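Structures given as C-alpha cells follow.
Shared between the two complexes below is chain A, which has chain B as its partner in the first and chain C in the second.
This part shows the complex of A and B:
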C-alpha cells in the first residue's frame, strides 16, 4: 500500500508536467492546425532562461519562472512571425518541416551558446515532507500545486476574458470568427505566446528534480504528442487527462508489470484508445 | 508588404549561417604553427552533438591537450620535424556514422590513427581498419568484447570493466549486506555491466533483486524507479549512466531513506556526481578513482592546465586523462617506428613506447604493458568513498 501511494504521488507529479507541456501544444494545434514539433525545444529554452535568471542574476525561483514564461512568450511570438506566419497558406508538410527546422536551430543554438553539460537548477524547495509515512520531496508538491494553479488560470483566461474567448472562437470556426471581427493574426501570436510560456513553466518546475541540458526536450516531445493524440487533437481537457493518464500508465505499469515495458505501455495504451476512439478521448469531432 | 517580409526572412537565415559557422569552426583547432615539416592528422570520431556530446568533448579535449604538448615540445620522426593536427568529426554516437567518419578521416586527411570513444563505433571501425585503408584504432571503451575481435590494429585505452566486478561486489557486500537492487541506465553498455554485476554478486553468494533500470537520458523523474527498487529492501544498489543523472538517482534513494551502499558503473564519475548531490549522499559508493585524486607524476599540472585551458567549472575526468596519455603513447610509438603513416609499424612499437613516455605526461593509471590482444594494461586503482574520503581500492588485473 505504501508503495502504491508513493508511486501515486510520483505519477501525479509527472502527470502535471506532462499536462502543462501538452496544453501548450494542443492550444497551438487547435488554433493554427500546426503540429509544433519545436515544442520540446521551447521547453528546453524555458528551463535555461529560468536557470540563468536564478544562478546569474540571483532572482528568486518563483519570479524566475515568471520571467522565463515572459521571455518564452516573446520567443513564441517571434517564431510565429518569422516561421509559421509566412507559411500560413502553404501546404501542411511545410509547417512540419519548418517546425523541425526550429527544433534543430534551438537545440544546436543552445549547445553552442551554453555548452552541452548538464546543469543543476537550484530550487529553494529541497526539503522532504513526511505524509502518512511517505517521503515526498517538497519540489514535487510545488510541481503539483503550481501546475494546478496554472491550469485553473488558463481555464479562467479562456472562458472568462475576451482575449481568451477569441482563441476559443478561432478554434471553433476560423471563418466565423473573422466575420465577427476577430483578428486571426493577433490570436495566432497570442496562442504561440501562451503555448511557449506554458512550456517554460513546465520545464522550470521539473528542472530541479531533473537536469537542464540541450536535449532535455527530446524525450518529452514524443510524449506530449502521444498525449494530445490520446486526448484528442486541440482539446484542452484532453491534454490534461491525457497527461495524467500517460504518467499513471507509465509509473504503474513499471511498478506492477515490468520496468522494461513501461515506455512501451504508454504507447500501447494510446493504440488501444485510438482503436476504440480514432479521434481521441475528448475530440470535438473535427 | 513583400519587401518587409523578405527582410524578415533574411534574419533567420543569417542567424542559421552564423550558427553553422560556429559549429563548423570547432573541428580543425589544436594544431600549432608548424614551421615547415610534415603535418600529421590525428583522426577523431565521437559524439559532438546531442545528449552524449559532453562525453565526446571530454575525450577530444584530452587528445587536444596532448597534441598541444607535442607541438610545443617539437617532435621529430625519421629525422623530419612533425606537427600534429586533429581532424574531428561528429558521429552522434552512431556506430555506422563512426565507421563512415573513420573512412573519411583516413582517405581525406590521411590520418594514420583514429580515436573512437564508444564500443558500437569501435566494432564498426574494426570491420574496416584492416582493409584497403589501414588505420590504428584508438579505442576508448572499457568493454572487453572489443579485444575479442582479435583486430590487429586496435589499441584499447581504458581499463577493462570486467576487472572491477570482484572488488566492487566484494567491498560493498562486506560493508552493507548481501541483497542487491538494480537501477542502471538502459543502454547496451549498461546492460552488459548489469549482467556482469549480477553474475559476480551471485557468485559471491548474494541475492540479486529485480531490475529497475531506466534510460538515464530520457527519464524525467527518478523517484518512481527508485521507490520500486527500495520496496524490495536492498542493502546495495547498482546504478550508473552519465554522472549527473546518476547523482540524481543517489539523491532520490537517500531522500527516500536508503542507507546502504552504491556500486557505480564506470561511466559515472564520483567527482562529477559531487557537484549534483551532497558529499554525504555519496558515502558508501564504489566507483572509478577520480583523476584529481590520482597520484601519478603529471596529475597536478594536468589538472591546473585543464582548468586554465579547457574549463573552469568542470573537472578533468578520467576519460580526458586516459586519452591524453594514449595520444602521447601513439606519438612515441611513431617516433620509435620512424613512421607516421604505417599503422602496422606504429602498432608494433606501442609496447616499447610505454617506457619512453615522460613522467610529466602520466596522469592516471598509466599502463605498464600492451597485451597481444591490443590492450594498454596496468595496475588499476578504484575508489571506495568512506566518510567523504576516497580510499583506494586495488583492482586485480586478470585477462
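This part shows the complex of A and C:
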C-alpha cells in the first residue's frame, strides 16, 4: 500500500509536467494547426536558461523559472515569425519539415554552445516531507503545486480575458474570428509565446529530478505528441487528462510489471485508444 | 458610403466575379438577388476581405479597403454575418456577442449598451445567453450571427442570406430585425433567396448572374421587371 501511494505521488508529479508541456503543444495545434515537433527543443532550452540563471547568476530558483518562461516566450515568437508565419499558406507537410528543422537547429545549437554533458540542476527544495506517513521529496511537491497553479492561471486566462477568448475563437472558427476583427497574426504570436513558456516551466520544474542535456526534449516530444493525440488534438482537457493518464501508466507499469516496459506502455495505451476512438478522448467528433 | 468599382475575382481559371460595380448610400438598405452560385457570397466575402480581388476597387467612407484583410475591414466599419454563420460553437451566446465587439473591447459601457440592444432585437438570445451557441436552433444561431455583427457597431452591415433554412415565421422575424437595424442609420447590404420578401424591405437592388451585375434598379423597378418576376418570384 505504501509503495502504491508513493508511486501515485510520483505519477502525479510526472503527470503535471507532461500536462504542462502537452498544453503548450495542443494550444499551438488548436490555433495554428501546426504539429510543432520543435516543442521538445523549446522545453530543453527552457531547462538550460533556468540552469544558467541559477548557476551562473545565482538567481533564486522560482525567479529563474519566471525568467526562463519569459525568454522562451520571446524565442517562441521569433520561431513563429521566422519559420511558421512565412509558411502559413503552404501545405501542412512544410510545417512538419520546418518544425523538424527547428528541432535539429536548437538541439545542435545547444550541443555546440553548452556541450553534450549531463548537468545537474541544483534546487533549493532538496528536503523530504513526511505526509501521512509517506516520504515525499520537496521538489515533487513543488512540481505538483506549481503545475496546478500554472494550469489554473492558464484556464482563467483563456476563459476570462479578452486575449484568451481570441485564442478560443480562432480555434473554433478562424473565419468567424477574422469577421469580428481579431488579428490572427497577433494571436498566433501570443499562442507560440504561451506554448514555449509552458514548455520552459515544465522543463525547469522537472530538471532538478532528472538532468539537463541537449537531447532531453526528444523523449518528451514523443510523449507529448502521444498525449495530445490520446486526448484529442487541440483539446485542453484532453492534454491534461492525457498527461496524467500516461504518467500513471508509465509509473505503475514500471513498478508492478517491469522497468523496461514503462517507456513502451504509453504507446501501447495510445494504440488501444486510437483503435477504439481514432479522434482521441476529448475530440469534438471532427 | 460603399462604392465597389469594376470588381473581379478569380479562383484559378474560373472568373467568379466579372467587373461588378455597386454602391450603398448612407441610410440605404440594398439587396443583391441571384441564384445559388451566381457570385453573391463571393462578392460579400471580397468586400469583407476574406477573398482577395483580382482587380477593381472598393471604397468605404473615403477609405480604400479593397484587398485589406478581414480584421482591417471590420475596423473600417463593415461587419458581416457570413454564409455559414461562422459562430464560435462552444462559447456561450453572450461570449459570441461580446467577441463581436472585440475591436472596441475597452468601451465597456458601450458594449453593455449594445448587448442590451441586441437582446431587445432578439429577446430569445437573452434567454439563451449562457448556452453554447452551437446548441441553438438554426434560426437562433442566425440571430446570434446578426447580433454579433451588430456588436461591432458597424456603419455598414452585410448579411448573406440571413433567412436561409429558417422556418417562414422565424425568417420574417429576422428580416423585420434587419429593417429595424437599417432604421437606426446603419447601411445594410443583403443577399436573400426570398426575392419578394427582400425587395419589400429594400430601397434598391442588384441582380447578379454568372458573376456579373445584369440588372440594377430601385425597389419598384425590380418588382415590376418581368425577368425578375419570372426568375426570382415565380410569377
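We adopt the following convention: the second predicted complex is superposed on the first by the 286 of 286 C-alpha atoms of A that agree within 3 Å, B and C clash if a C-alpha of one lies under 4 Å from a C-alpha of the other, contacts with A are read in each partner's own complex, and residues count from 1 in each chain.
The working rule: a residue touches a chain if its C-beta (ideal position, glycine included) is under 8 Å from a C-beta of that chain, and two chains touch if they have at least 3 such contacts.
A quick note: this is a predicted structure, and the numbers were derived from the prediction, not measured.
Clash-free side-by-side placement of chain B and chain C is the outcome of superposition onto chain A.
In the superposition on chain A, A:168 makes contact with chain C only, while chain B stays out of contact range. Within the superposed three-chain model, A:181 lies in touch with chain C and out of touch with chain B [touch as defined at top].
When the two structures are aligned on the shared chain, A:135 is found in touch with chain B, with no touch to chain C. Look at A:17: by the touch rule set out above, it reaches chain B but stays clear of chain C. Our angle of interest has its tip at the CA centre of chain A and reaches the CA centres of chain B and chain C; in the overlay it is 150°, to the nearest 10.
Taking chain A as the reference, the larger set of touched residues comes from B, when chain B and chain C are compared.
Here the smallest spacing between CA atoms of chain B and those of chain C, following superposition, is 14 Å.
Residues 162, 165-166, 168-169, 172-173, 175-184, 284 of chain A are the ones touching chain C in the complex. Residues 5, 8-9, 11-12, 15-16, 19, 22-23, 49-51, 53-54, 57, 186, 210-215, 217-225, 227-228, 231, 242-245, 248, 255-257, 275-276, 313-314 of chain B are the ones that touch chain A when the two sit in their complex. Those residues of chain C that touch chain A in the complex are listed here as 48-50, 69-71, 74-75, 79-80, 82, 84-91, 95, 98-100, 102-103, 105, 148-149, 151-152.
Chain A makes touch with chain B in their complex at residues 3, 6-7, 10-11, 13-14, 17, 81-83, 86, 105, 108-109, 111-112, 115-118, 120, 128, 135, 137, 140, 206, 209-211, 213-215, 218-220, 250-251, 254-255, 259-260, 263.
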